[in-house]
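Shared between the two complexes below is subunit A, which has subunit B as its partner in the first and subunit C in the second.
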Partner chain A sequence: MNALEINNLIMYYELFGGNKLMAINNISFSVEESKTTGIVGESGCGKSSIASTILKILPDNAKIINGNIYFKYGEIIKRSGKVDLLTLDKKTMQDIRWKGISMIFQGAMNVLNPVYRVGDQIIEIMRYKDNISKEEANEKLEDLCRIVNIDSSRMKDYPHQFSGGMKQKAIIAMALSTNPKLIIADEPTTALDLISQYNILEQIKKIQKKLNMSMIFISHNLFTVSNISDQVVVMYAGKIMESCEKKKLFENSLHPYSIALIKSCLSINDKKNKLYGIPGEPPNLVFPSSGCAFYPRCPYAKEICKKIEPEYKEIEKKHFVACWRYI
Partner chain B sequence: MKELLQVDNIKKSFEIKKRLFKSAIEICVIDGVSFKISKKQIFGLIGESGCGKTTIGRLVTKLIEPSSGKMFFNNKNISEMNKNETKEFRKKIGMIFQDPYESLNPRFTIINSVKEPLDIDGRMTKQEKFDCVKNIFKKIGLDTTEYFLNKYPHELSGGQRQRISIARSLIMKPKLIIADEPCSMLDVSIRSDIMNIILKFKQELEMSAIYITHDLSEAKYITDFVAVMYLGKIVETGQTQDIIDDPYHPYTKMLISAIPDIISKFKINISEKIPDPMNIPHGCAFHPRCPYAKEICKRIEPENVNVGEGHLVKCHLF
Partner chain C sequence: MIHVGFTKYITRRILEGIISLFVVITIIFFLFRVMPGDPVSMILDPKMTPEMKEMIRNSYGLNEPIFVQYGIYLKNIITLNMGNSFHYSKPVFEIIMEKLPNTLLLFTSASILASVLGIFLGRIIAWKRNSNTEYILSVVGLFFYNMPLFWLGLILIYIFSFSLGLFPIGGMIDYQLWSFNPSIIEKILDILHHLFLPLITLTVSSFCGMMFLMRTSMVETLKEDYVIAAKARGLPDKVIRNKYAARNAELPVITALILGISGSIGGGVLTETVFSWPGIGYELFRSTMERDYPLAQGCFFMLSLITIVSVIVIDVVYSYLDPRISYD
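Moving on to the complex of A and B:
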């Protein structure tokens, strides 16, 4: 059973002068219950746009023109069965946020309000969303501190007194505070050093097992994603290039972009002396070229790739690829 | 003498005022660090955030003065240079900063940013400067059209900005560059390009570099020698390959096992305790997090032990 299912989603940003930036171009994927789906891709490929589309926290110039986002837990807004998030009005969507789906935002440094105490900011959400008394909220805060491994006496501190890793943990505590069914983690470990990154990933894994949540994990680092997810989605230029189980991605990746991405990753176990970047620049999403989005940088590009866009097809069970080489 | 830069037992402490009306506390950020860099060598400094890597970069470029200890660049003591000598010295070093979004002036077009060192130098004509910038842009793989040169930093992507900071630091053809986590803010696919550029210029300009990073896999690719730092001290130093194949210090092992990778080399318990530079533990600074800590580690600070060719470790276990 899928906790979240996205079908044929298309979203663009309207730019000044009437141009359209196709941020999400016909995307379908799903998140299995109590499993993790990882999304990888270069910056600007639309990873974070997916996250904000699911929560409907897009800026005014964003337009969703097609697709469904089915969320399994309709009971949160007192409906039975799955609900399409895109059809909900503003007020019902408020109930989905935090209670149904919560988010760990990118850049922990800028998410916390600098003039409020960290603990108060977490309590505020719990009291607003769960309607609980101050005492109950305080008790719950202590539990949360234990889960994410912060000393609960530090909750009276202001954000500037926290280190980067601790701020990130506080934000994870915030996302967990309302017992959501699905968590979207948008680059939670970027800009942290390796040891705090490792600790936070381990923590997230443990919490997920304990509370039985589903998760979408967004990152540009292939190894981080592979460390934590069950299913990996590789994105490029607003489209999904390949989606498969994480083991398959490293053993038997099919799309040239995934192969190039794996090649450009640094591994300490590797004996190779030359490191490969992906030649060329990321594509312009305002004036996209016809055909496959990756063909200008692709070493296997053929005549057909220039003209017609390849279909996103299931090749094996749970292994989808959009490339002319496999059709 | 072969060494380009020699750092001899430098210390740096900062004063911190915690409360009003109370006397300041002195915290030691760099505690007795020594290393040498020869020509055409890339030296890596590795450690967690807050261990003093960036402070070393700033000390070497004479942006701040050390509390004690000596540094020699081409046999000249850096702290004893007068104003003119400092100016000459600064021409020979370049610096690449961590954050390409903040290190470029948003009100300067990129050509102005890059040619500013040449303007200050004042020896070239306008046309020569222009050619010089174009030349370096071509080598780095940036567009050299007039349109691109007159862009402002906000119009560029992170990778392009970092390339421009590299171009700026290389335009005086320095003998030494200090790269302070140049790749940590960048995407994986751009990272390798930036590192390849640094390696290319190392060959071309015969320059040396100090490469500051917290990622050992980056260090493995680019550096010849590395020093692993922990709370202001170098705990292990040696050739990069030796240290990665055969790490001795428990902290180095911990750093290696924290790298997200498909196959883990070995597992060591990674302790959560974050080091606090305000009160550095007695004895070996690492002992509260060390899984192999013994009684002696709490009392006596370990000395450097030679465990192989130039491979030094500060640990009681050996």
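Moving on to the complex of A and C:
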């Protein structure tokens, strides 16, 4: 059963002068219940735009022109079965937010309101969403502090008195505070050192199991994504290139981009090999060329890749790929 | 936040204030000396003999060299002895103390009203951008903002006092009423009745600046990550608008308020003159026209003091509003 299912989603940003930046170009993927789907790709490939689209917190110039986002837990807004988030009105969407879907934001520096105490901001959202008393909220805050490893006395501080890592931890605590069904983690550990990264990821995994949460984990770091995910989605230029179980991605990745991505990661085992880089640059999303988005950088590019875009197809069970080599 | 560094900060701010005040009074002194016209001509009788004229000039110290005059002036200001007014033949300090509460009443209430109104309306038009509300408020605000203050005052007097007879034409109290020993409530109501038009004039012509500042500032904070994050958390719109976007947008507006207060002194002089409001601004206008040096100097001194003190007060209030400001 899928907690979240995205079908043929197309979203673009309208730019000054009427140009369109195709940020999400016909994307479909799903998140299984209490499992994690990781999204990996380089900067600007549309990873974070997916997160904002799901929560509907896009800027005014963003236009969604096609697709559905089905969310399983209609009971949160007193409906049965799954609901299409894109058809919900503003008020109903507000009820979905943080009770149904919460988010760990990227770039923690400015996500907390600078004029209120950190603890008060976490308590505020718990009290709005769960209708609990101040005492209960305080107790829960203590628990959350233990989970993300912050001294609970620091919760009386203002955001500017926190270090970057502590802010990130506070934001993680905030995302967990209302026991949401689905968490979107957008580069949640990027601001942290490796040891905290590991600890927090382990904690998130533990809580996820305990509370039966589903998760979308977004990162440009292939190893972080593969550490935590069950299913991995590889994105490039607003499109999905390949999507499969994480084990398969490392053992039997099919798309040339995925292969190149794995090759460009450092491995502990081979010390002699030089680090591999993918030649070329990511494509322009405002004036996309025809055909496959990756063909200018693809070592296997054929004549057809230039002209026609390959279809995103299920090659074997739960393994999708968009490449002419496999059609 | 208030802690140990606070006392140190206040001391520093007060010292800075004293230095600014010193600069101001020096400028005032020399400004009056280079002004054309002879102050003594105002009090001298043409029938007086030249010896008598000399005597009077001597008694006012006007024959001393200018730097000696300056020294005497400084010493007197420090001891709050600002001399006698030529016009009233009364100590300047006494006159100023009599007028000061009237000016404070008008200035403080107008500043507070204009900023509250400006922040409130700015918040609305920033939240509802490109709406009719924004359009109408902008046009109305700009209309009054660009209107000369004294002209607006005259128009209001014409409509509400002269034609409709709703409010008194000028002054602060109704002498006829006060001579009958009215109760405290009647006195307050009477003052409010007189205060209404000058207050409206000052407020209406200055709220617009605050409104647009608030709007611009809030349009920026609406794009901040913490506002988007608050939206993502599904907090009610009212909470996002007031506690997240507006609360942070107010901070630069408060800074502008500091600058606005010094700017409103000029407006205050005009308003007090148009409405014959018995305050320091009105006195300043009259004494300058009549070359009543001591009184004009005293009024300038007092207005500068009000400005400097209010700037320090707002600075301190600011630290309560923005926890990131600390006094170390």
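Odds and ends about this structure:
As a working rule, the second predicted complex is superposed on the first by the 325 of 327 C-alpha atoms of A that agree within 3 Å, B and C clash if a C-alpha of one lies under 4 Å from a C-alpha of the other, contacts with A are read in each partner's own complex, and residues count from 1 in each chain.
The rule is short, and it goes like this: a contact is a pair of C-beta atoms (placed from the backbone, for glycine too) under 8 Å apart; a residue touches a chain by one contact, two chains touch by 3 or more.
Fair warning: this is a prediction, and the values are worked out from it, not measured in the lab.
Of the two partner chains placed around the shared chain by superposition, neither subunit B nor subunit C is touched by A:Y295. Of the two partner chains, neither subunit B nor subunit C is touched by A:F320.
When the two structures are aligned on the shared chain, A:F162 is found in touch with neither subunit B nor subunit C. By the touch criterion defined above, A:Y70 lies against neither subunit B nor subunit C after alignment on the C-alpha atoms of chain A. In the superposition on chain A, contact of A:F223 is made with subunit B only, not with subunit C.
Once the two structures are superposed, subunit B and subunit C can be ranked by residues of subunit A touched, with B on top. On subunit A, the surface touched by subunit B in one complex and the surface touched by subunit C in the other have no residue in common. Those residues of subunit A that touch subunit B in the shared complex are 42-44, 149, 163-166, 191, 193-199, 201, 220-224, 226-227, 250, 260-261, 264-269, 275-278, 282. Listed in rising order, the residues of subunit B touching subunit A in the complex are 48-50, 157-158, 184-185, 187-193, 195-196, 214-218, 220-221, 244, 254-263, 265, 270, 272, 274. Put simply, subunit C touches subunit A in their complex at residues 223-226, 228-236, 239, 243-244, 247-248, 321-324. Residues of subunit A that touch subunit C in their complex: 55, 57, 59, 93-99, 102-103, 105, 107, 109-116, 124-125, 128-129, 158, 160, 174.
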